[in-house]
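Heads up: the structure comes next, in structure tokens.
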Amino acid sequence: MANGDNPLSSYSLEKQFETFRTELEESGTLRERIRSVVSEIESTTRVMYATLLLVHQSRSVNELLEKAKSQIDVLKEKYKQLAQILGGCSGQYYRYHGDWKSETQSVVSLLTFMHWLETGNLLEHKEAEDKLGLNNSEFGLDVEDYLIGVCFMSNELPRYVVNQVTAGDYDCPRKVLKFLTDLHAAFRLLNLRNDFLRKKFDGMKYDLRKVEEVHYDVKIRGLTPNGESVGDKGVEG
Amino acid sequence: MANGDNPLSSYSLEKQFETFRTELEESGTLRERIRSVVSEIESTTRVMYATLLLVHQSRSVNELLEKAKSQIDVLKEKYKQLAQILGGCSGQYYRYHGDWKSETQSVVSLLTFMHWLETGNLLEHKEAEDKLGLNNSEFGLDVEDYLIGVCFMSNELPRYVVNQVTAGDYDCPRKVLKFLTDLHAAFRLLNLRNDFLRKKFDGMKYDLRKVEEVHYDVKIRGLTPNGESVGDKGVEG
Amino acid sequence: MANGDNPLSSYSLEKQFETFRTELEESGTLRERIRSVVSEIESTTRVMYATLLLVHQSRSVNELLEKAKSQIDVLKEKYKQLAQILGGCSGQYYRYHGDWKSETQSVVSLLTFMHWLETGNLLEHKEAEDKLGLNNSEFGLDVEDYLIGVCFMSNELPRYVVNQVTAGDYDCPRKVLKFLTDLHAAFRLLNLRNDFLRKKFDGMKYDLRKVEEVHYDVKIRGLTPNGESVGDKGVEG
Amino acid sequence: MANGDNPLSSYSLEKQFETFRTELEESGTLRERIRSVVSEIESTTRVMYATLLLVHQSRSVNELLEKAKSQIDVLKEKYKQLAQILGGCSGQYYRYHGDWKSETQSVVSLLTFMHWLETGNLLEHKEAEDKLGLNNSEFGLDVEDYLIGVCFMSNELPRYVVNQVTAGDYDCPRKVLKFLTDLHAAFRLLNLRNDFLRKKFDGMKYDLRKVEEVHYDVKIRGLTPNGESVGDKGVEG
């Protein structure tokens, strides 16, 4: 150790830490702004979900979709704000990614469920980005967030099938089963590591199994798509 | 839900997931390459520390510093490789930051300890970046990593003081106390959130207290800087 | 530091701590008295629940309700005692709230379940306060405790539905589903923070899903409210 | 279960939950306002402590005390704001107590340390309330918070003694030992339950032991209050 009694050293130390203080505070302020926008994304998503989940009570799908769709622009606006907050500092997307990823997964889950109700198909990653205005090379939709959102959507399907059959739509299980089987097979193409996405994908297996059971219930009772029972051979058979 | 029996849909699904598979695999491969370089940074740091810690056994500081310094270029080369791995994809620094931050904090701790042994002053953030070739706007040294590394370095000082006094350097506690007091005061300027850095800084208080106690032991025994005891026969008796 | 050798100081210190001792002991004694009453509330609630849960074994609801109702006055008396214990010290409700809140949530769960069995409706907050004599501005029923108790009650409903269907009441799932759907929708109006109440409410979703599944089972087998099966021989075969 | 199909019931349910929503939101807003004031209390305390801890570096006590004292009115003002926030709703002190108690314990620790440096005596509970404007029957200083703050203050004393002796004040250990012995004895009068206060009090034993050791070091070396060593008999004998 050299002398260390240099009278300049503690001054220079203080000056340097003054810079650190500024930087840490800027980062803290940025994070607060991000959180504020994210909390609005969260509450908009919550409202849209509340509307959409009425689908389980056999409400008119078209009406519910119209109502939910009208909020997508609000979400788009919020993501625009997020992008602006991070805009000044390039390459900060992943620095603060942890602050919005879970909410974005919910948004994806919601949009893919809406799209599936409307078209029977999976909303593609690119389409989800377009809907949210995330089609920017610097501020897009992380692929893992998209895939996790799709897994969350899949969790909604067994309940949907159960309620549709209750309401007399006996063809629903077949269609959902086809969709979910294809989706599950597509996920199997991915070489998933042992992480959160893998865990969520593992849960999709239970959704598939449940839908298969409902499909079986309908088939074994000979319930035809047009709602007529052709006679039940019964599980007790 | 629309028909969903579109024969194209499962093909398009598969194609899209093929893209995801590629992307996830690229990201997985990147991560493996990062980890491989980081593991070399880790082992180089370990070897340098092993050398440097001989300072506690009163080996010649200059010799140890020479030996440790010769490895800095190895570290610099590794960080260059890290930067290259991430080079193609701008803005990925923070995406993979979690994979090297803890090792980088150890590197900072090592470099600041070496610099302090040599000059008695704190290695500045900018100087640390220079030594590691991290003086690039895209791939620099995160301020929090630097600060945490400095806290780790502070943990080394009480042990150093104890061993120096044992070896007869009675002025060492005074100098270290001055350095550590200034450093502690500088950290107090930061408005730390309740996070990891805060916890590490809180630990610095114990280092300070321990050095104060050694300083007290030396003073109360009247041990003068030049190694003569005026009132006490000293710890060596 | 001033002299500190003032002969009065340690006397004054002791005197002050004598006061603290008294206060802490009073607070300790109060807490013991509260706990003693709360433990009686807890055991009364346990006995009432034991009676009421026979409803799952298809005992006469009216008889069980009569028996359970006869204990409500015991609870009311205990809450009166609680209020009296805290009566001298205004504003102490929340100081000791932690000592009775969990037991009070169980009481609410019990009362709302009884009321629902009797009327098919939700016991309102005001009505619950009346039953327990908690209609005092100083000592009422905390809204969060009420809401958590309602969530606990909801957990009882899937089991109730399953057992009622087994006993041949095929209209029960429809009624319970309507009640639970309305209740769930009402809770969604609340902007819940990420706390205990939120967690309990999240659990209500599973109750709803389970009741939907029972409703589905009944529907798919064409079991009509009057107990006649049109297309299936029913679970009893 | 009665019919439950009453068309009024879900309307009444919704209306009641509207009230709950308002209440939960009011409580949430209140809590946010409290936290904002508490965060200012915390930062004022931090600044005052930063000043006061320079006492360990043998700075002029009077000067440091003057500087720290000038901030007491800021704290007083903040507690006044806290009281006003809760003012409308009597008896809410303990409902939100958890949101400020830990910061208030730090404030007490600071004030008692300042008072001790100035007078050598313990700042009484009543005096602490006066300084903070907490001398209101509805919004006072909780006794446990006061006592925990005193325990925190005691943790500062060993370090103070060590540094004072280093700076040549050999009478300091005797005075601090007398104060701490009296304080420890006073705490023993309390019949502490097995809680946080008890744990903090148990820590005071270590402070006492450490001060005893310093007192012993000074005595055994015959260091007299006026700073002259009368000859060291030495631990080595």
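Should a chain be cited, it is by its letter among A, B, C and D, assigned in written order, with residues numbered from 1 in that chain.
By our rule, a contact is a pair of C-beta atoms (placed from the backbone, for glycine too) under 8 Å apart; a residue touches a chain by one contact, two chains touch by 3 or more.
Predicted model, so just to flag it, every value in this text is computed and none were measured.
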item: Required steps from chain B to chain C (each step between touching chains, minimum); value: 2
item: Chain of greatest Cα-centre distance to chain B; value: C
item: Copies chain A and chain C touch via same or different residues, half shared test; value: different
item: Rotation, 0 to 180 degrees and nearest 5, that superposes chain B on copy chain D via CA atoms; value: 90
item: Between chain D and chain C, distance of the C-alpha-averaged centres to the nearest whole Å; value: 38
item: Whole-Å gap separating chain A and chain D, where each centre is the average of the chain's CA atoms; value: 46
item: Junction residues of chain A, two or more chains touched; value: none
item: Touch relationships between chains, expressed as pairs; value: A-B, A-C, B-D, C-D
item: Sites on chain C touched by chain A in the complex; value: 181, 185, 188, 191, 209, 212-213, 215-216, 219-222, 231-233, 237
item: Contacting residues of chain D [partner chain C, same complex]; value: 1-6, 9-10, 12-14, 16-18, 20-21, 23-25, 28, 61, 90-97, 116-122, 124-125, 138, 143-144, 147, 172, 175-176, 178-179, 182-183, 185-187, 189-193
item: Residue ranges of chain D in contact with chain B within the complex; value: 43, 46, 50, 56-57, 159, 162-163, 165-166, 214, 217-218, 221, 223, 229, 231-232, 234, 236
